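Below, each structure is written out as structure tokens.
You will see two complexes here that share chain A, one where it goes with chain B and one where it goes with chain C.
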Partner chain A sequence: MSETLLRLSRNRRWRYGIALLTVLGALAALAPLLAPYDPTAQLGLARQLLPPSAAHPFGTDIFGRDVLSRVIYGARISFVIALSAVLLSVIIGTSVGVAAGYGGRLLDGALMRTVDAALAVPRVLLLLLVLALWERVGVASLIIILGSTSWFGVSRIVRAEVLSVRERGYMEAAKSLGVGQRRILSHHLLPNITSPIIIAATLGMGQIVLIEAGLSFLGLGIQEPTASLGRMMQAGSALLVNAPWTSIFPGAIIVLTVIGFSLVGDGFRDTLDPRTA
Partner chain B sequence: MVRFVARRLLQGVAVVFLVATLAFILFRLAPGDPFTRMGDASSASQEFKAQARRNLGLDQPLHTQYFRYIANLARGDLGMSFSEQRPVLRAIADRVPATVVLAAAALLIDFLLGIFIGAAQGSRAGSKADDLLSVLTLTLYSVPVFWLGLMLMLVFAHNVGLLDLLPATGSKTTGVYEYLTPLGQLTDRIRHLILPAVALGLVGAAGTARYQRAAMLDVIRQDFIRTARAKGLRERSVLLGHALRNSLLPIITLFGLSFPILLSGTVLVETVFAWPGLGKFVVDAIFARDYNVVTGAVIISACMVVLGNLLADLLYRAVDPRVRGVV
Partner chain C sequence: MKSVPTPLLSVRHLVKQYRATGGLLSRPAPLLAVSDVSFDLAYGESLGLVGESGSGKTTLARLILRLTEATAGSVRFDGIDVLDLDARSLRALRRRIQIVFQDPFGSLNPRMSVGAAVREPIEVHNIARGAAAVEKVTQLFQEVGLDPSYVDRYPHELSGGQRQRVGIARALSVEPDLLVLDEPVSALDVSVQAQVLNLLLDLRERRGLTYLFIAHDLAVVRHIAQRIIVMYAGRFVETAPAAQAYSEPLHPYTRSLLSAVPVPDPRGQRQRIVLKGDMPDPRHTPAGCVFHPRCPHLKKDDRCRTEVPLLREAAEGRKVACHWFEEPMTVPQSQAARHVN
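What follows is the complex of A and B.
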């Protein structure tokens, strides 16, 4: 394990990515301490749509709220959603993938055909259908909706890994020694398929950040007055001429966050995946 | 060949059938019934509500509803659009061309630019230029497509941007378009197409470039490249004639995989640029509570994905002689 960490720390992309995510993560985690203003406080008519200045580095929005504070709180929500939704999608995807790869041909066929169908629907449209039917959703339900619609890819990766690991010698050995089914799964199978899961999960987080922003931008994700980066850009898009700062900064934070996840994911792939190394 | 296409079409029908079933299940899992969801029914009389439910077939048992839904679907009946007072299929058919034009233009930018950048990087891996382009593609890859659209507007669009070069929204100039010459109409449409297609295409190109770079590196390490160099071919023809040609195979697979992502992108880009396509229609339909349109769009887009994948497979067979024998 420590040897892997050493190899990772030698990977330039991984280092930059971790550094970027640490800064952004700290910003998100310490939002109440770092944000100069209350993100939902309307600071009065005289402070509406102020351009960036010393008092408001990112300016203010149409309700006179501090954009920097809202961006910091928005990043916090994006992080919470990305981490939780990916955790959920990895749990579901791994379970389905293991079941498909280990559970016999009939189950495998049924599960994988369902996954094929789900992958044939553009993800944003699938989410639009779900969000349209359930209407107003909170952060928790958004996490569940995003997590339960993002595991298709993971399940395919896991299934492929299971199929290849299943045939290896040590699995045969464990079986012939009389090791129980559950112990084989938890001690022999899962530890040997973690690398591709980690890679998929890291890259998946960047995707969730983008998708959540897109849904909020369409007005279907997190609702006002909660600060959400996508929602801020939606409001900002109507003020592109008069107050471009209300849409520039939330987007820039998203770009940095996704770059961070992509760099770390690439670093993991370079280091953990022997096929590309 | 015919057998291959027939088989893939049959598989495609199965996928679309599963998607339709998925949509039906989602519809029934959601809170409220389809009738009350259509709008405020609190003031309607009991008799009216009961009649409306009967008309919609909601008084039938669930499996009967499901079979009727699938049977209608097989006949191409996706139900009525309540906001437009006409069949969903016709309302969608009016929007599909705009989305196809936008998606095709974006794909062109995506693959031409992506392959060019990726191949340039792959043939000079490790150089300064490679590093710089990697930073560029990584950044573009991480940009929300709708935000890129807004930023492009901020720079290039009429009345909004710094440069005032191109129209910001719509697919043609309203009030003027009808009086233009055919050539003028075409120019007008292309000018409207540029910004949304570039926004969608650039984000895609970043992903394609990353793939193309890796594919190029894979090929360059192989023996036949060494042979080509050893027999004294110029580096140019080694790279273009041997390396690039062979590195394009995995990219065709990527072409097939990119359709769902592309259609997801059109939903956002069409909303930003008020492009009158399927994506914008769906978003409008959600706020009008026109659920048949949303379900219909999901099913139609699944059909588009299936056809796109078939196209990619056919392309693959045309390019790679090794796959032709295998059905």
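What follows is the complex of A and C.
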């Protein structure tokens, strides 16, 4: 394992990505300590739409709220949503993928045709549909919606890997030694399919951040007054000429986050998956 | 007087047919991997199963271990009907029949330390737990000639020979009676092959194991087997005590296999019999003797092309499936020809 870490650390993309995500992750994790102001506090008419200054490094928005504080809290929510949604999608996707790859031809056919059908529907359309049925969207429901609509790809990757690992000698060796089915799954199959799951999960994080921002931008995600990067960009888009700081900074954070996850995901793929390296 | 002890393993009329799926236009033809084979294996015996790639050796081994299901026939192990066992009894049986695989790398889980790999069956079968299990792993490592400090290593950190020793230690961990060795040395360097073969000989003596030793190479089996079965295209073509299979092979296929074994003495040139062509496509086995398209026998005739030769008693303890085994196979050479009466 330490050998893998060593190889990863030699991968430049992975190193930069990790550095970027560490900074952004620290911002998100330590938001209450780092944010100079309450992200929802309106600081008065006199402080509306102030350009960046020493007191407000990223300026203030139309309601007189500190943009830096809102960006930090917005990043926090983005991270929480992305992490939880990806976790959910990996759990569902891995279970379905293992069931399809290991559970026999009939189950495989049924599950994979369902996945094909789900993948045929554009993701945004699917999300709009689900969100239209939802009364009020909070962070938890957004996580469930995003997580339960993004496992299709994961399940396909996992299934392909299971089909390959299933035929390896050590699987048959375990069977011939009398190792039980459950233990074969947990000790022999799963540990050998982690690499593609890690890669898919990392790349999935960036996607979820983007989708969540997009939904919030459309007004379907996180609702005001909670700070959300997509929502901030949407509010700032009307003021792009007069007060560009209200949308540029949240936009920059989204871009950096997505780049970070892409770099780390690529780095994982280069080092963990010898076939595509 | 000859006593007939109950064999440890008794295989009768075992058949494995794969339902080959045809292509879009070709009709699916059944693939006969193992065709009606029968043999006994006595306690403590060491039986060599020889044949080239694709002859059905490994399939036969997997059938005995129930790693794949037989189409017909029976396998009795120590009186137990192996093919009839339910999942639970089958797992219990796995303690008594073990297999060492050909590929020493693929048969070890890359994410599991080799110590954990040997320990797993010990704990799964409740042979020992905790410190006692660790102790047992250490003993097994010593027994197969591995430094016990290697327990924490991963397969990729070991050489091929070391990995195969791990495979042997893992198979021995459940204290089996029968050890199936599926080409255990063919993936190894020649120098390492000898070491591992010696280890297997030692273990057999020390533990009183019964071996079913599979190989594609007669030279490897001769050191370890007392009796030899030669397989071709899913059928047994000859069975004989090892010494006789070497000194006077009867079946033309055995003779050609043997002629490929190098002779250490430069003057003792053996007549080389080089077979032409490949083993028949198992979906379209030839009529008559399966070996006839490649058979170099002088007497080969229409009977060989139409009539399947039965595996029949040729001499005391020997069987051969050839219509013409009594006849000299080739034009006698001054020293190479061997006549069998």
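Definition applied: the second predicted complex is superposed on the first by the 275 of 277 C-alpha atoms of A that agree within 3 Å, B and C clash if a C-alpha of one lies under 4 Å from a C-alpha of the other, contacts with A are read in each partner's own complex, and residues count from 1 in each chain.
Just so we're on the same page, contacts are C-beta pairs under 8 Å (C-beta built on N, C-alpha and C of every residue); 3 or more make two chains touch, one makes a residue touch a chain.
Predicted model only: the values in this text are computed from it and were never measured.
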{"item": "Side-by-side fit of chain B and chain C on chain A, or clash", "value": "fit"}
{"item": "Which of chain B and chain C A:272 touches, first, second, both or neither", "value": "neither"}
{"item": "Which superposed partner A:240 touches (first chain B, second chain C, both, neither)", "value": "first"}
{"item": "Between chain B and chain C, more extensive residue contact with chain A", "value": "B"}
{"item": "Which of chain B and chain C A:175 touches, first, second, both or neither", "value": "second"}
{"item": "Contacts of A:122 with chain B and chain C, given as first, second, both or neither", "value": "first"}
{"item": "Chain B versus chain C as contact partner of A:130, first or second or both or neither", "value": "first"}
{"item": "Contacts of A:144 with chain B and chain C, given as first, second, both or neither", "value": "neither"}
{"item": "Partner chain in contact with A:248 - chain B first, chain C second, else both or neither", "value": "first"}
{"item": "Chain B and chain C, minimum CA distance [Å, superposed model]", "value": "9"}
{"item": "Touch list for chain A against partner chain B, complex", "value": "113-114, 116-126, 128-134, 206, 210, 213-214, 217-220, 230, 233, 236-237, 240-241, 244, 247-248, 251, 254-259, 262-263, 276"}
{"item": "Sites on chain A touched by chain C in the complex", "value": "168-170, 172-180, 183, 187-188, 191-192"}
{"item": "Parts of chain C lying in touch with chain A, wherever the complex brings them together", "value": "65, 67, 91-92, 94-95, 98-99, 101, 103, 106-112, 120-121, 124-125, 167, 170-171, 174"}
{"item": "Complex interface listing, chain B residues touching chain A", "value": "14-16, 18-19, 22-23, 26-27, 29-31, 37, 138-139, 141-147, 150-151, 153-154, 159-160, 214, 259-265, 267-268, 271-272, 282-283, 286-287, 291, 294-295, 297-298, 301-302, 305-306, 309"}
